[in-house]
Amino acid sequence: MHTGLFIGRFQPFHLGHLDALKQALAENDRVIIGVGSAEENYTEDNPFTAGERFEMIESALSQEKIAREKYIIIPIRNIQNFSLWASHVKLLCPTFETLYTGSHMVKELFARHAPDIKIRDLKFNKKICATEIRTQILKGNKSWEKLVPKAITEYLKKHKAQARLKDIRLPRK
Amino acid sequence: MHTGLFIGRFQPFHLGHLDALKQALAENDRVIIGVGSAEENYTEDNPFTAGERFEMIESALSQEKIAREKYIIIPIRNIQNFSLWASHVKLLCPTFETLYTGSHMVKELFARHAPDIKIRDLKFNKKICATEIRTQILKGNKSWEKLVPKAITEYLKKHKAQARLKDIRLPRK
Amino acid sequence: MHTGLFIGRFQPFHLGHLDALKQALAENDRVIIGVGSAEENYTEDNPFTAGERFEMIESALSQEKIAREKYIIIPIRNIQNFSLWASHVKLLCPTFETLYTGSHMVKELFARHAPDIKIRDLKFNKKICATEIRTQILKGNKSWEKLVPKAITEYLKKHKAQARLKDIRLPRK
Amino acid sequence: MHTGLFIGRFQPFHLGHLDALKQALAENDRVIIGVGSAEENYTEDNPFTAGERFEMIESALSQEKIAREKYIIIPIRNIQNFSLWASHVKLLCPTFETLYTGSHMVKELFARHAPDIKIRDLKFNKKICATEIRTQILKGNKSWEKLVPKAITEYLKKHKAQARLKDIRLPRK
Amino acid sequence: MHTGLFIGRFQPFHLGHLDALKQALAENDRVIIGVGSAEENYTEDNPFTAGERFEMIESALSQEKIAREKYIIIPIRNIQNFSLWASHVKLLCPTFETLYTGSHMVKELFARHAPDIKIRDLKFNKKICATEIRTQILKGNKSWEKLVPKAITEYLKKHKAQARLKDIRLPRK
Amino acid sequence: MHTGLFIGRFQPFHLGHLDALKQALAENDRVIIGVGSAEENYTEDNPFTAGERFEMIESALSQEKIAREKYIIIPIRNIQNFSLWASHVKLLCPTFETLYTGSHMVKELFARHAPDIKIRDLKFNKKICATEIRTQILKGNKSWEKLVPKAITEYLKKHKAQARLKDIRLPRK
């Protein structure tokens, strides 16, 4: 069985993630979706909890009719010492052979510190960016709704994403 | 959809766990299997890594023909402040309504600190105990093989469990 | 007995804090003053230690003739996982019913993760801001002295606040 | 003003603590009561949270008619590096000159790492011991009730201390 | 025997460090070189691991024919609570009497929290700055090569410093 | 250049350590002495700080006329996740090729998680054991003095090791 690891922070999961994940699924029997910065939440860069991100990813993949046995979702917390991070990921996940990621840094860390893992490039749609999506949500624009799966739009509205982003962005006294 | 959380350390996953999990599965659409003490490994109480425990659980459930969409496996690390632990679990997992566990302590922590979660009792086979299984593996007895699913016996032999337990138990200089 | 929690970082305690605290005292038998980011010190945002902030608050309240049994001061350290923070605060403090804070984020975290606590708004004087006070101290202006209780002015001078802020702000080699 | 630090874990606060604290109060204008191992709870050695211990101490001292301005209660978490611990305590508390404790280890750590603090001995009633009290509560004996202030007996009964100790003591599956 | 502590992050070790170290060596029988932020690596401010920095320092000093018994290299990790940092350093190192550093902040922390240590000023060449060297490496300029010992130039090229800095600087998806 | 890593906790450094270290020195150009559990101190198992252990090792090797360029001493703190520990050690030290240790567990962790490092056995004198030495010091026997280098006997007496061990061993109130 071929298993890939697709790693990201998914704040939130968008159409660029979905497209890249489909490429990884095409090359593997199944894909582990590693949810990075899992214990960070309610910050500008990481507004959603690991549990919320799990739910978003699952709802998007369900809508796409991707079978549940094709993917596993694993929360992965940050550790301060980046050089240990690739080993940390390997210890939390079932065995995988191939890494997929849009982050050059993650590739570098695996290349140096987990040389047994193959690294494969995916075609990432660089026009879709989670930081920009969060900015648009915060501003109350609707342009972001075209950049995420429908299930994600519904999830973010239902969970009052704009209000949360505003509360986080406001200065603390 | 009804979701339960079945929480344990699974060092290793045994027939008592399997039987209890089946009871939880019978009451829910799906069950989250929370792998506790996820970042502990190579200790007497927690010899196997989170990734190894993931593989063991999955191989046992696969052998039992339990469909992959019926369960999710989430590693959950310990935090020193026990009173925060139930909240920590909730933040890492997708939404669940019901807790299943053989640990009185886990029940107490959820009852006090996560009162929105229902706690349901399962019939645990008290004759099967992971601590005793580890002791038998260490001694080189074969009696433990009857207490775990066949897939687990194979896994533990292939991964040289006895040698690991011996290395851990030997005094450090 | 009615107990409120008034939470802030108090870097330093200023007339805006004092005014808001008096409002909270008027509504409660006593108020817990939670000193946030308690283990941070000697940084730009948190130059003073928890012990120093304790002394500043106490000296200002003493000067105001606020009786000692009306307030409790509790240091509260940060934890990286914000979603756990409201529970963390509750575990460190004696029982309280009402939260007072100038931070929208703190309100949001309590609203979502500690729904048993009431949240009450206070009228904060938005013209007084600790960040601005630290900037003025650093520059050697005297304008900040009108923004803090007299006891705080004396404390900051005696403890050479300007020199500390300069040392912190200088680039590290 | 003379300030003493009286440090302990108070699991629970008993008549030996009360008697020693009174001796410290007699020598000082006020006493800081440092609640050690503040972030530990729901363990055999530390069953009660910092907030619960705060409430117990305050209720006992209130019953004794000790004025609120005579004492301050500060939670102090453990840090793994014991040699840093005396400095850690000093940073969390307002200035104090004298240390009181029943622990030889705490005395040694202050003597070596905080030589500016005086260490004074108190007469501790060695017949009263928190470990023994917890054992008696667990067993359901009533003998412990004579060893703690009345307010503590009431608090422990109201908060179902025996049930908690049982849950903690039972083996985890 | 006179022992000095020379503390820095050495990202990378440059001619300004070398010159200052020689001044410290001239005043002592030997010098402890404390490698700060030891557990940080693969970040913009701290791209190199503690082990790599050890190797760079040693290769530069070897090229300078500085005898091995004249210096000790000790990795020192950061701790979040700065006020404890001077004590933390003292516990990790053999006894020293004098501190040398280019950081005002480090001087302030030792002055307040380790008053038994003498602080001596060195003449630092302020034209050489590690931040600027990293920027030049990243841009592919060669100007930085004149600012570091030859052994460091070779080390950084051999270890592909430019590629690492690029991977770190690129935005994470 | 051949470099070995000799790893232990050295609580305290004894003749068994010295003899094994000499074997490692005979096979290498130099040896890194990794001081494990570096941030633990004032506990029964780890009574001495990293700095004290550094001084003890250095004084013993100096007395043996082992040249200073033959060895490096590096403090190595514990991390809770043992599977990451071998990588953690490699990141803190300059490059080494060979591991020497009396601990089966350390060998196992390197064999599995750092397969590029050779593991070589040394002849350890099993009659000399640091735990037993600490027990004898505590009891006030003199038998331990024959088990450590003379420099260590002097160091332990000068630093009042017996008094420290007594303070640690006494029950905390």
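Every chain is named by a letter (A, B, C, D, E and F) in the order it is written, and numbering of its residues begins at 1.
What we mean here is this: a residue touches a chain if its C-beta (ideal position, glycine included) is under 8 Å from a C-beta of that chain, and two chains touch if they have at least 3 such contacts.
In this text, all values refer to a predicted model and were calculated from it rather than measured experimentally.
Taken over every residue number at the interface, the positions common to chain A and chain E amount to under half, indicating a different-residue contact.
The greater number of contacting C-beta pairs, out of the two interfaces D-E and C-E, is seen for C-E. Averaged C-alpha coordinates put the centre of chain C at 26 Å from the centre of chain D.
With centres defined as mean CA coordinates, chain F is found 36 Å away from chain D. Separation between the centroids of chain B and chain C, computed from CA atoms only, is 43 Å. Multi-chain contact residues, meaning those touching two or more other chains, occur in chain B at positions 39, 41, 49, 81, 83, 91.
With chains as nodes and touching pairs as edges, the resulting graph is of another kind, matching none of line, ring, star or complete. Working note: touching chain pairs come out as A-B, A-C, A-E, A-F, B-C, B-D, B-F, C-D, C-E, D-E, D-F, E-F.
Within the complex formed with chain E, the chain A residues making contact are 8-9, 16, 80-83, 101-109, 124, 129-130. Chain contact summary for the complex, chain A toward chain C: residues 39-43, 49, 163-164, 166-168, 170, 172-173. The touching residues of chain E, when paired with chain D in their complex, are 81, 83-84, 87-88, 91, 113. Within the complex formed with chain C, the residues of chain D that make contact are 38-39, 41, 49-51, 54-55, 58, 67-69, 72-75, 77, 90-95.
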